[in-house]
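Pasting the structures in now, so scroll down.
Across the two complexes that follow, subunit A remains constant while its partner is subunit B and subsequently subunit C.
Moving on, here comes the complex of A and B:
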């Protein structure tokens, strides 16, 4: 960690027009990703994690706000300039089944980005061989089709494709949640190894806190399109400031057989509608510590000690 | 086994098309159906060389009426003493023309409408699909009959009637296929790899959408051959003495109890042709989809 910023997100907002009104998937979010770190993005389903990941990669246009990468404003790019910028950032998908074109061979899938940027044929072969070796894909798999591979092997192909252009940033959108546990560990180790050998920065989207604890340097907790808390993994896991983070951690199942579900501190209620978010602090409808101020006044994300912060009037 | 393994490693994937052909060739039923279809196509193309239209197919001879199949008349003769074999192979021209021409036109129109609806979505999608739904509410034969009734029976009106009646089906099919492919993650992956729009459309969307479309076309040809025959059977299509399978069948029904060979020949011609198109369509579906290959 050199403390140098790779990605800077400023007041990023994305709202979708739906039948019921405007849906604020990501609402006025600002944070930074340091070069070489793994920033984990956690939160429950529907809180805008994946939308935020895709906004960073410019796969969907932002409603407002901006994303800077290496000082370049991605949100202002268009057409060919945007296409060129895609070299720098790639995505690893959650579902290794629908993320590979069933009609293409593995060779063709991994070399797709190379072809898109017209890298000479002979160079493509060397890059391909390297990628296959580094991601643990046997040579003979290259001529096969995706359906002949297992989920873990497919995910390796997805990772190899993402690495092909030697990007700086990789957004991993729940890359292991579709795999079984023994394979999860292999893929996580692979991601870890690749991070050092390819000098990668990860934005790691996940709802699995044990995975996050294993991989992340810093953690960003989202709730209903807003940042609740951001900080180093150590701090978040040992001393969460935001009540939501606290309950998220408390909800993680433990290996203690004597602990029953009733003993666990769990939150009641449902996630509020993102079309009509609650006033004030968005978490107040479910927060046991909420009082009058939480209902009326929206807490601002503190930027106290360097890169950490939380958005709560009454931090723990 | 060792050699086999080495071969697998060495073999560089050939083109997608060669792959499909190889897989199709392995399917015995589909190959047999294709062979029959080619035979029908060739006899239809060279029908004039094989049997003269004027003297054998149209000229009537009361002395020869309703003869059973023999060496001279392979399929026997009809109630006007015309050679049935000649009439059947000349009739293949009409059936194949309807099947292929109507499918081609409605596919072209359906592709444009369906892809436009799927790609733009919103209001455009709504307008196109609601019109399609409305047309689809009218039963196929009823719509075709109405158009023929307005335009008068004949080759041209029949073509228009069948085409108009099958466009909504194609529009809906193309739209759903394109929608399902576009929503897949690999399209987003291709976009994030920097693949250009044209390459995504021709490299990913089309190859993944073409399978169901081709299969549907094949099945549709079979359906159209039967509809054309059906309309002619009802007297709304090709008029006698032109040898059309449906009108031949209609006429032959009068003699079905005493001379069944006439109706059987015309009916079998319709059935075999339609069946073969269906089987080839099915075989293509298997060959195109790598998941269905063994």
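Moving on, here comes the complex of A and C:
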């Protein structure tokens, strides 16, 4: 990976006011996404991974902190400048059933971004034909409606729409978790191919570590709004430093038929409430190695060799 | 055929719809011996949930068993009246569902919901029932059972709700537990806990489990034998190790090759095309249109044959291995 930074996130925080108090969905998070890489964002439900994805695209305003893309401070943009910046970044959603307008044809769905940015009509047709070809949507589907398509085909439409304006960054929010395994493989391969042909950078949000292993160059693990560990995929999968990463990997089902439930390492307890996060290290209530220091003192994310690091007092 | 446990023999289910009669389950046979965990895997719409629902007598409106039998400990339960079914559902057979939030009553305290099973199926006096409920709640690993007894479902996390469902299913110590995607809605660390729990319950109560899932990783972890379904038929049935080390049906091989894995990151091979709709079932082998091995022979119905002891495959191209 070259040192070419596309997205830089600095001390980003997002809190929501809820009936129970202030919920820190994303809490003082800093990291970088390199141009052309796939950074996977993993963690369990409620850890703030989708919120972080939306913050990056400025679909929701941040409470504090900043996001820079290509040197421009996204969090400071307003009005037309912000609208123009949106061309550079797109989102692919999890559920291909609810993310397409049921009353529009596929043609109209994919070309909507082109109309929004007033691309001339004759160019629109060529772009549309290219997109359909590159994402594997047959020409005759363009005049159909979403309900006539299967889940895998709809997800291709969602991807084609995201690509329409040739963005630099695509945030994929669990793009394959609603799909069957045989279709999942088709979409993962498609995302892989598009990355090289369109020179894309992906922020790939997923809870499935096997999928992440397949696509990601680097991995960022989140727990309750904080970064636990960030590093190259090889490093995270072979030598995780943070105990949470270790247990996530241990809990991920593998296809080895000789494993037994008895030697499965499981993590006790439940995910703590993000409204009243535990003191010190947020993971200490579930961590088998936790000791006094973990209960009182919050570990800081080390950024050891360049782009990798972990937040733990007693790394593995 | 074993006397104990569940035997499904040549079961077919017909579903009446506006577009005519569909057959989501056709000629399915399988055995779940007492104390075994048997997996039923396949993609959405392959008929795995329909098979489970017909065992429970819970087919949706318009659905009926149109052929075959279901035996529980030698008794044919496929011809039971709804009243007879109610007397065994919850006591001898019970079921847990995928979404623990929608299958619990939101306005009744969870302790009361578990207790209702005892009220229906046992004559345990009122004053002892609560003790039984607390005992099973502790057994399935619900911390602070006394306090959780009075909780409403919305006050519990997904993992705890699934434990409540399991407590409800296990309180009468059923012979058969049907688990329909029990961990699909849960996070991986919680999924691991629930699978461990199911294994320990199987050991302590000698319950048989029919585990319905689309996740082959869950199968590798916990099942003894596996049935793979495609478009309403079982295409391969064998012990767990044989499925992963020597898959024989091209569909099973395709499924395994299309899964991303933790231990390698080479390009995935996928199964071409998509599952055809049930009103357009192909002639002959139902997988032929997507199969890399398909020949003219595949336009005729493939035999369901034993290629190795205990390993059944529905394919023209998988023949008995020479000893």
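Heads up, the rule we're going with is that the second predicted complex is superposed on the first by the 315 of 316 C-alpha atoms of A that agree within 3 Å, B and C clash if a C-alpha of one lies under 4 Å from a C-alpha of the other, contacts with A are read in each partner's own complex, and residues count from 1 in each chain.
Everything below uses one rule, namely that a contact is a pair of C-beta atoms (placed from the backbone, for glycine too) under 8 Å apart; a residue touches a chain by one contact, two chains touch by 3 or more.
Fair warning: this is a prediction, and the values are worked out from it, not measured in the lab.
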Partner chain(s) touched by A:105 [first = subunit B, second = subunit C, both, neither]: first
Contacts of A:10 with subunit B and subunit C, given as first, second, both or neither: neither
Of subunit C and subunit B, partner touching more subunit A residues: C
Touched partner set for A:57, first subunit B, second subunit C, both or neither: first
Contacts of A:181 with subunit B and subunit C, given as first, second, both or neither: second
Partner chain in contact with A:35 - subunit B first, subunit C second, else both or neither: neither
Partner chain in contact with A:139 - subunit B first, subunit C second, else both or neither: first
First, second, both or neither for A:237, with subunit B first and subunit C second: second
Subunit A-touching residues of subunit C, taken from the complex the two chains share: 43-44, 157-160, 187-193, 195-196, 199, 214-218, 220-222, 240-241, 243-245, 254-256, 258-263, 265, 267-271, 274-275
Subunit B contact footprint on subunit A (complex, rising order): 57, 59, 83-84, 86-87, 89-91, 93, 95, 98-103, 105, 107-108, 112-113, 115-117, 139-140, 143, 145, 147, 158, 161, 164-165
List of subunit B residues in touch with subunit A within their complex: 5, 8-9, 11-13, 16, 184-186, 188-196, 199, 204, 207-208, 289-291
Touching residues (chain side subunit A, partner subunit C) in the complex: 44-45, 150, 152-153, 180-186, 188-189, 192, 207-211, 213-214, 233, 237, 247-259, 261-262, 264, 266-268, 270-271
